[in-house]
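One chain, subunit A, links the two complexes that follow: it is found with subunit B in the first and with subunit C in the second.
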Partner chain A sequence: MASSKPPQGHFTLLYFAAASSFTKKSSEIFRAPLPARDLFQVLEKRYPGFTEKVLSSCAVTVNLEYIDLDEDQDGENSLVIKEGDEVAVIPPVSSG
Partner chain B sequence: MASNNPLDSTIEALRSQISACEAQLQALKLQLAEAEARANSTGPSLLSTQYDQDMTNGVPNAWQTDSLSVLGQTNNESNPPSQALDQSPQKWPLTNDEYKRYGRQLIMPEIGLRGQLRLRAASILIIGVGGLGCPAAAYLAGAGVGKIGLVDGDIVEVSNLHRQILHSTATLGMLKVDSAVSYLKALNPGVEYVAYRERLTPESAIETFQSYDLVLDCTDTPASRYLISDACVLLGKPLVSASALRTEGQLMVLNQPARPPGDASGGPCYRCVFPKPPPAASVVSCGEGGILGPVVGVMGVLQALEAIKLVAGRTGTESVEPNGGQESQTNPDPPSLLLFSAYGSPQFRSIRLRSRKPKCAACSTHATVTPEALASGSLDYVQFCGFIGPVDALLPSERLTAYELAADLANTDMHEATARRVGTARPVIVDVREKVQFDLCSLQGSTNVPFSEISTGGESEEWLAKLRSVSPEQPILVVCRLGNDSQVAVKKMKEAGLHGDGKRWVGDLRGGLRAWRENVDPEFPDY
Partner chain C sequence: MFREEDSIRVELTYSPLSITANTNFVKSPKAGAVVMFAGCTTRDSFNDLPVKSLTYQSYPPLALRTLFSIASEVKAKHDLTAISIIHRLGTVPIGEESILILASSSHRHPAFAGASEALELTKEKAEVWKLEEFAGEGMEGVWRANRDGVMGVKMEKGDGEEAVSQANTGGGGEDVRGRAEGAKAAEKAADGEGADVSVGD
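== the complex of A and B ==
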C-alpha cells in the first residue's frame, strides 16, 4: 500500500478488503480535482460492476476522515478531492 | 545448626526484632509518602471532582456507583476464610491473591486500585468464540473482569485451531463455549463465566445483553453485526466491534457514549458507519477467503484493550486529561475506525468517524428499529443482508457426478451413458478455483482458470482466449471446490459462446472437488 505522494495533479486512492480483491490493487492514482460524489462513477467506468458488487456498501474517507456521500449528494457539502489527497474505499468486513 | 550458647539466641532474637521494626518503619514511610503525594497533587475537593469527571466520561454511571460502593464496602465485605484469622476487619479492598495476580497492571496509573475494582465489578458479553473472541476473552479473563458471558453455537473444528487460541486438539468436537470456559477457568478461576450454547437471535438478544455492561462483537456475518449493534443501541450498551479477513482487520468502538436513540451526542452505531450491508454474493467467510491467525488475533487483542480502557476508566488523569476541560467532558476519544493491513505500509490507519448519522435507522430521531420489533423477530436481519443459498443454475444434463467422471477417467473411452450426453471426446477439465488453491491440489490433467478472472469480466479476457484455443469438439468440464462457482462459470462460458451453439458440451462437476473426495478419492486433500 503506497503511502508516498501521488504525482502532481493526482490523488491516491487506497483499496481495502473486497475493493482490493476486485481491482487486484491496493492503491491507484487518479486525476485531481474530483468532486467526491463523482468518485464511484469514475471507478465504475474503470471497473465495470464495481459499484453493484462492492462500492455500494463501502465507506469512503478523505485524508483519514469519513465522508458521507449520501449527505454530499443532497448538495449540502459538495466536497472536492484535491491534488495530493489520500482517499480510501473501505468495504465492511464481517468475518472474524 | 542448634546453638548451645545462650548469647547466640539473644542475638538472633534481637536481629529479628530489628528487621521487623525496620519493615514496619519502611511500610509507614511508604504510606506517608503516598499520603503526602496525594495531598500535594490534588486537594481533597479536586480529587473528588476529578473522580466525578472520570466516571462520567462516557462510561455508564452504573459503574461509578458499582465501584464506589465496592470501595465503600471494603470494611463490611466478607473476608476469605484464610484471612479470618486476622482479628481486625479486612484492611484492603482486594484479596491477597488479587494483589498478586493483577500486580503488574495494578501498579500502572491507567488501572490502579480503582480501575481494578471497576474491572471486578464489570460484566462483559463476548459474542462469537472464534478468532476474535478467543484472544479477547483470554485477556479480559486475565485482567480480572468480574463476569464474562460467551455466546456461540458452533463446535470446535480442526481448521479453527491455527487462530482460535482457547481451543485445542483435545477439545475438537466440543462446543466452542465449553472449550473456551474450560481454558479460561484454568487461566483465571476468579472470574464468573456464563456460557450461552447457541447462536444469537433477534429474539434472544435483548434478554441476553441486559445483564452486561459492555458487548464485544466477535461474530462473522453481516446479519449478526447489525443485530448486535441495534440491540446495543436499544439497551444503551457500548459496543466494541472488530472483524478480520485474509490480511486485514477493522476495529470500532461504537455507541460510546451510549446515549438513547435520537440523542445526537451519543456515539455512532454500526449502521451509521455502514448503512448498507455488503451484497450477499460478495460476503466471504474466513473459511472461504482465508485468514492469517495473527491478523485476527491482533484484532481480538485490540478489542480486549478497548474494553479494558472503557471499563477501568482513566486514572492517569494528569497526563491524559490535563485540566478536565470541556472537550474531555463530552468524550475523550472521538469515534474512530482502526484499519489494520498486515502487509500494508503503514500497517495501521485510524479513520476519524462522524458522530451519529442524522437519518440512522437505529440511533437517530428517525429510528425504525425498536425493542418490540427486535424481540418479536419482525426485523429480518438475514433478509436485510440478503441470502445466498446453494447455486442451482444448471440443468441435470449440464452436470456430471463424481462417479461419472471417475468412470470416464478410468477408461480410455468415455463411459457410454456419459458419451451420449457429453460426446465421445475426453473433456478438458477446467478448475476455476483461485490459483493458490489450485496449487495445493488438483485433478490430474486439469487446467486452471481462476473464477475471479471469469466473474469480473473486465478488460482482461485472457481466460476466454485460453479456452478458445481448445479444440471445438472437446467438451469442457468445469470443477471448483464445492460446485457453486463452477455453475456460474458454465453460464459465463455459454454466454461467451464457448458451447458453439450447442455443438460442444459445457458443464460442471456436481458438488465440486468435495464430492470427488467424498465419493471417489478419499485421499484428495480437504483444506
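== the complex of A and C ==
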C-alpha cells in the first residue's frame, strides 16, 4: 500500500483483498479530477469483469471517508475525486 | 500502529498479541470486572483441502479510525472503565490469537455486554480482510467476508452506518465465502471462537 503522494494531476487508488487479487496491484494512480460516479466505469475498462466479480460488492472511501457512489434523486452525484486524493476500494470485511 | 486515549486503546500489529499487556491496560482500581474475548485461528478446511495459512490485511489508517470509533461508542454506551481492541495482521499461525477485545467496568454485566458488542461491531465494520490459503497446488487463496459478502451482492456502506445488503442474504450467514458459488455457506465460522475469560468482580 503506497501512501506516498501521487504525481501532479493524479490521485492514488488503493486496492485491498479481492480487489488487490483481481488487479494484481495494491495501488495505482489515475488522472484527476474524476467524477466519483465514473470511477467504476474507468476501472471496468481497464480490468474487464472487475465490476461483476469484485466492485459490485465494494464500498469506496475518499481520504478515509466512505462516499456514496449512487446517483441522487436528480440523477446526479456531484462528488469529484481531486488531485492528491487517496481513494480506496473496500471489499466486504472479514476481521476476527 | 495504535491509537490510545481516554482509556481506549486500539491497535493493529504484526506481532503476537499480548494478553498480559492488554489486561494491564484495562485494569483499574475502579474496575471490579475484566472481560476478554480472544479469537484464535483454527485449522479449517475447504472442499477437504486443509488451510495452509491465514493472513490478515488491513487499511491501517481507516481501520484504526473505525476501531477507535467502535471502542468509544461501546465504552460510553456500557459505561466501561476502559476498553482495548487489538487485531493481528500478516500470517497468523494456527492456534494463535488474531484478535483480543478487553473491557473493564465496575461490575461484570457491562463488561460482558461491552466486549460482546465491540466484537460484533468490529467484525462488521473494521477494514481488515482474511485470506485463507490452501495446501493444494494451484489453489488460489480465498478472501473471506464476515457478512453476506458473496460477490454480486451490493453492500451499501455509508458514514459509519450499518452495511446493508440489498439482495437475498441467505440468512444469518456469518463468514460467507467471499468467492465461488459452491461455497459452503453453512460452514461454521472458521475463525473459531476463542476462550472467554472473566476475572474479578
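Basically, the second predicted complex is superposed on the first by the 85 of 96 C-alpha atoms of A that agree within 3 Å, B and C clash if a C-alpha of one lies under 4 Å from a C-alpha of the other, contacts with A are read in each partner's own complex, and residues count from 1 in each chain.
One rule holds in what follows: contacts are C-beta pairs under 8 Å (C-beta built on N, C-alpha and C of every residue); 3 or more make two chains touch, one makes a residue touch a chain.
Because the structure is a prediction, the values reported are computed rather than measured.
Participant: Given the touch rule stated above, what does A:P48 touch, subunit B (first), subunit C (second), both, or neither?
Facilitator: In the superposed model, A:P48 contacts subunit B only, not subunit C.
Participant: Where does A:L79 make contact in the superposed view: on subunit B (first), on subunit C (second), on both, or on neither?
Facilitator: After superposition on chain A, A:L79 lies in contact with neither partner.
Participant: I'd like to know which partner A:F22 touches here: subunit B for first, subunit C for second, both or neither.
Facilitator: first
Participant: Using the touch definition from the top, say if A:Y66 reaches subunit B (first), subunit C (second), both or neither.
Facilitator: Once the two structures are laid over each other on A, A:Y66 reaches both partners.
Participant: After the superposition on A, what does A:A36 contact: first (subunit B), second (subunit C), both or neither?
Facilitator: A:A36: touches no partner chain.
Participant: Return first, second, both or neither, reflecting whether A:L13 touches subunit B, subunit C, both chains, or no partner chain.
Facilitator: neither
Participant: Just to be sure I read the superposition right, which of the two partners does A:V93 touch: subunit B = first, subunit C = second, or both, or neither?
Facilitator: So A:V93 meets both subunit B and subunit C here.
Participant: Return the residues of subunit A at which the contacts from subunit B and from subunit C coincide.
Facilitator: Subunit A residues touching both partners: 1, 16-18, 21, 52-54, 56-57, 59, 61, 64-66, 68, 88, 90-96.
Participant: With touch defined as at the start, can you tell me which subunit B residues reach subunit A in the complex?
Facilitator: Those residues of subunit B that touch subunit A are 128, 130-133, 218-222, 224-225, 242-246, 248-250, 273-279, 281-286, 289, 291, 296, 299, 337, 339, 341, 343-346, 349-354, 357-358, 452, 456-458.
Participant: Along subunit C, where are the residues that touch subunit A in the complex?
Facilitator: Contact set of subunit C toward subunit A: 39, 56-57, 59, 61-62, 65, 87, 98-99, 119, 122-131, 140-141, 143-160, 163, 175, 178-179, 191.
Participant: Would you mind writing out the residues of subunit A in touch with subunit C in their complex?
Facilitator: 1, 14, 16-18, 20-21, 52-54, 56-59, 61, 64-68, 88, 90-96
Participant: Please output the residues of subunit A touching subunit B within their complex, sorted ascending.
Facilitator: It comes out as residues 1-3, 16-18, 21-22, 24, 26, 47-49, 52-54, 56-57, 59, 61, 64-66, 68, 70-71, 88, 90-96.
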